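Alright, structures below, take your time with them.
Consider the two complexes below, in which chain A is the common component and chain B and chain C are the respective partners.
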Partner chain A sequence: MPNVWKKIDKYLAVTRVSIKNVFAYVREMAYRSTFMIVILFVFIKLWGVAFADHQSIAGITYEQTLWYLVVTEAIIMSKISIGNVISREVISGSLAYTLGRPYNYLLYHFFNGFGESIIRLAINVIAGSTLVFLFVGPPAVELWVVFPVMITILFAIIIDFLITAMISFLAFFTEEVSGFFFVYQKILFILGGLLIPIDFFPEWLQEFSGLLPFQLILYAPAKLFINFSVETFNYIILQQFLWMFALGVTLGILFLLGKRRLSVNGG
Partner chain B sequence: MILKRIKGELIFLLSVWKLNLSSAMEYRASFLIQVFMMVINNAIYFVFWLLFFDQFEQVGGWALHDMFLLFAIVTTGFGIAFMLFGNGTRLSSSIEEGQMDYYLALPRNVQLYALASRSSVGAIGDIMFGVSMFILAGHYTIQAILLWMLCSLFVASIIVSYVSILSSTAFWIGRASILTEQGTNALLTFSMYPTKIFEGLGYFLIFTIIPAGFISVVPVEIISEINVSKLVMLGFVTIILLVISIIMFNRGLRKYESGNMLNINL
Partner chain C sequence: MTKEFSLKKKKKGLRGSIQSILKPSYQTIKAVKGINFQVKQGEMLGFIGPNGSGKSTTIKMLSGILTPSEGELQVLGTNPVTQRRKLTRHIGTVYGQKSQLWYHIPPIDTFYLFSKIYEIEENAFKKQLDKLVELFQLENILNVAARKLSLGQRMKCEIAASLLHQPKLVFLDEPTIGLDIIAKQQIREALLEMNRSEGTTVMLTSHDVGDIESLCDRVIVINQGEMVFDDHIDQLKRRFIHHKVVEIGFTKPTVVNSLPPDVDIIYADQMNLKLKVKHGISQLMEHLMVQYSVADLNINEPSMEEVIRSIYQESSQEEVKNA
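Presenting the complex of A and B:
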């Protein structure tokens, strides 16, 4: 048991170092959150006009839509941005050296990126919430709801990390993966529910989105926040666990197959 | 004398653009993938509007066909701007890091050379997408086509001038990369939505410090109403921004400090 704690502590130390590094650039990160304010300002205006003749759409009010968008935008801007690092290591072959170090390669990258991710999430949530609060007031939710929502956001970040790592490992086979990252990012825009709640989609598209893991990254936590119920929370957590398992197994297989193809570009 | 100088600068620019294009085309597959990905990027983004207008027939008096026209102008304008002057997005970091020596070494217009020294390959995808949006917008008269082309050139000039103005602040404040990045993002974001949704502060912003209104609602009205007086106004605004960008860059260049980089672009 002490061994397990030692291991956990090792990775938590990686996160602590990562957070310390981030604090060196925290002002720069805060400046970058201005985009969060710009996009939410545009959404406040757009949905304000769109909801002018509607009390609610698909059971969601104007205020709920805006708080939904605070959550989706905050998550997308706080994702662990590790894809390029991993794919570069695969392409250059420097992964061979990294693999020899006394840590699990993927866990290291997750905990390293996670430190930066939570700081960015906090900054973006504060920036977005302040703006939306000024325009439409507080969200109609009880404070404790934030905690279960945070759990779904944590799992959302893990699912996104697993998909990003899978795309990075495609570099073992294709060498060039930037196009795949690009398409994944755009899929999140629509099928993830970033720009518009999935409830506003035509029924066939809602059903299609429900079959995929992307809605669990953005839509599910945001919808849970504006319309919390214990049943929905349990259902989301179950779905997130199933997808984490499926994606984790696929990632493991991809990593094993890829390692055999690893070629070191010496020098 | 002046005409000769302008001709010289244009010939130089043409050869820079030719070089940029041939170096991008060297990796043919990567070139095609980047162009294709930009088209996909814009198309997926447009899906948002298809879904949006599926719920609401119009917003602030704008319907889906107005969005086709808006995207035709904005993406073509951004495409032309960054295909020809793609280094605009890196200009502020070049100034910050004292890497302008590259451009000072040649007896050419420093601002033009610095902006044109790189072409964005994805911008070609923007132009392709803009053309297809214009076809879908359904304005098939000669006047509308000519106005669209002219407006796209004005829009491109406004974008390049705006990026250059933001980047030039680096001569005074040092680190201006974030300002340029956020300012350009804001310009793009505000211009991709129906401008009629803004009122008060929002409306003031998009016609002053973030001139998104001039690259979105104004050209849309010029083409859909065949409005020549607005076209003249847009031309006037374009010239003003161009002049401000030239004055700011040249004033700032006097304050430039080299980073002592020994490389020179040949």
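Presenting the complex of A and C:
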């Protein structure tokens, strides 16, 4: 048992140090959240026009749409931005150095990125909520709903991490992966429901995105927040677990295959 | 032990670039060609060779980062390829060109993180930390953010970080690169002390001959992936130095016209003469003393750097001949 605790402690220590590291530039990070304010402000105005003649669209009100955006924007701006780091390590071969330590490479990177992620999430949620609160008042939800939503956000961050890491590991096989990141980002924007709740989409597109993991990263937690029910929560968690498992296994295989191809010249 | 890399070969120009996408052609490069050696426990081994000779590749194979294409290797009784995780707990690595300290936070936090990563007991960690702090003189920089440290201070911390888990074997890849003389000296002394008190085996690569001379008993020279020398450091000079340098100062302007065979003039003016002598120093002395009025005489061995340069050149010339 103490052995397991040591393992957990190891990765928690990574997160602690990463948070400490982040605090060195936390102010810059806060400045970055002004971007979130600007985006939200634009959408407060845009959706204001769209909702001018409607009480609600696809069962979602103007206020709900804005709170939905707070959640999706906060997630997308706080997700673990480790893709470039990993793919650069793979391409330059410096991955080799990181492999020379007694930890799991992926877990290390997850807990490392997670530290920064938490701080950014906190900053962005506070900034976004404040703005939307000023325009449309508090969300029509009970406070405790925040906790289950947080759990789905945590899993959302994990799913995104797994996909990002998978794309990064493609660098073992291709020489450049920024194109894949670009495509992934755009997919998240649309099929993930970043700016437009998926409920607004035509039927077939809704069904299509329901088959994919992307909506679990942004749409699912945000929708859960504005329209909470225990059933939805359970359903989302189940889906998230299945995808984490599937992606995790694929990622593991990809890593094993890729590691064999690793070649590091000179130094 | 051999390591081959397959390199994507690209032809010249845009046309070549397009071709390489459609039909990549690969070229196999042998970075390490059948080298073979053993290291005793507690030994300090210098591992030198020109850039691209296969030093780092060898170290990466030994630390389990790369898999050899052929051959066997055993490090501390384990196979680095299959038991890499187990091995990482007992080896320390420092790559002079790659930092392992966290940039924004003080070294002490990185040290603490390492203690967790290597699962070091709290007490053992404190004891080892105190020891390293004293050895590398880190008291004043322990709590300064890593980005504010000088290169020398940072490198001391890097090395200390790699010794926290009391590794039995340490790979140091150019640990003194870019450092000033004092920092180099401090690092050398600390390493020697570490080796003395804990019996840490050290394998060191460096382009700085001073590092090798002051630290290592044994040297392996590797060039173009082959071992060209493996012996005690004194032997290096004995084996590769076939000449001495004699410097002569004259009392009055002199023109030297006759010299014994096997003596080459490196430099000459009216008052000074610098000669390269392969053998027969005493003959030469006699000759000079009798013929000219000598004011000053100096016999030098070529410096270690010259020795190493000649080894590199020698083996690369052979390479050309063989090819």
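Methods note: the second predicted complex is superposed on the first by the 267 of 267 C-alpha atoms of A that agree within 3 Å, B and C clash if a C-alpha of one lies under 4 Å from a C-alpha of the other, contacts with A are read in each partner's own complex, and residues count from 1 in each chain.
Throughout what follows, a residue touches a chain if its C-beta (ideal position, glycine included) is under 8 Å from a C-beta of that chain, and two chains touch if they have at least 3 such contacts.
Owing to the predicted nature of the structure, the values given are computational and were not obtained by experimental measurement.
Participant: Does the superposition put A:I237 against chain B (first), chain C (second), both, or neither?
Facilitator: Once the two structures are laid over each other on A, A:I237 reaches no partner at all.
Participant: Touching A:L154 in the superposition: chain B (first), chain C (second), both, neither?
Facilitator: It touches nothing on chain B or chain C.
Participant: Per the contact definition in the header, classify A:V141: touching chain B only (first), chain C only (second), both, or neither.
Facilitator: neither
Participant: Looking at A:A13, would you say it contacts chain B, chain C, both, or neither? Reply first, second, both or neither.
Facilitator: second
Participant: For A:Y25, decide between first (touching chain B), second (touching chain C), both and neither.
Facilitator: Touch status of A:Y25: second partner only.
Participant: Which residues form the common part of the chain A surface touched by chain B and by chain C?
Facilitator: none
Participant: For chain A, which residues count as touching chain C in their complex?
Facilitator: Within the complex, chain A touches chain C at residues 6, 9-10, 13-14, 17, 20-22, 24-25, 94, 96-97, 99-103, 260, 262-267.
Participant: For chain A, which residues count as touching chain B in their complex?
Facilitator: Answer in residue numbers: 28, 31-32, 34-35, 38-39, 41-42, 45-46, 48-50, 57, 176, 179, 182-183, 186-187, 189-190, 195-196, 200-202, 205.
Participant: Please output the residues of chain B touching chain A within their complex, sorted ascending.
Facilitator: Spelled out, the residues of chain B in touch with chain A are 30, 33, 37, 40-41, 44-45, 47-48, 51-52, 54-56, 59-60, 178, 181-182, 185-186, 189-190, 193-194, 196-198, 202.
Participant: Can you tell me which positions in chain C touch chain A when the two form their complex?
Facilitator: The contact residues of chain C facing chain A are 5-6, 31, 51-52, 56-57, 60, 63-67, 84-85, 88-89, 91, 93, 95, 97-98, 100, 102-105, 109-110, 112-113, 116-119, 145, 173.
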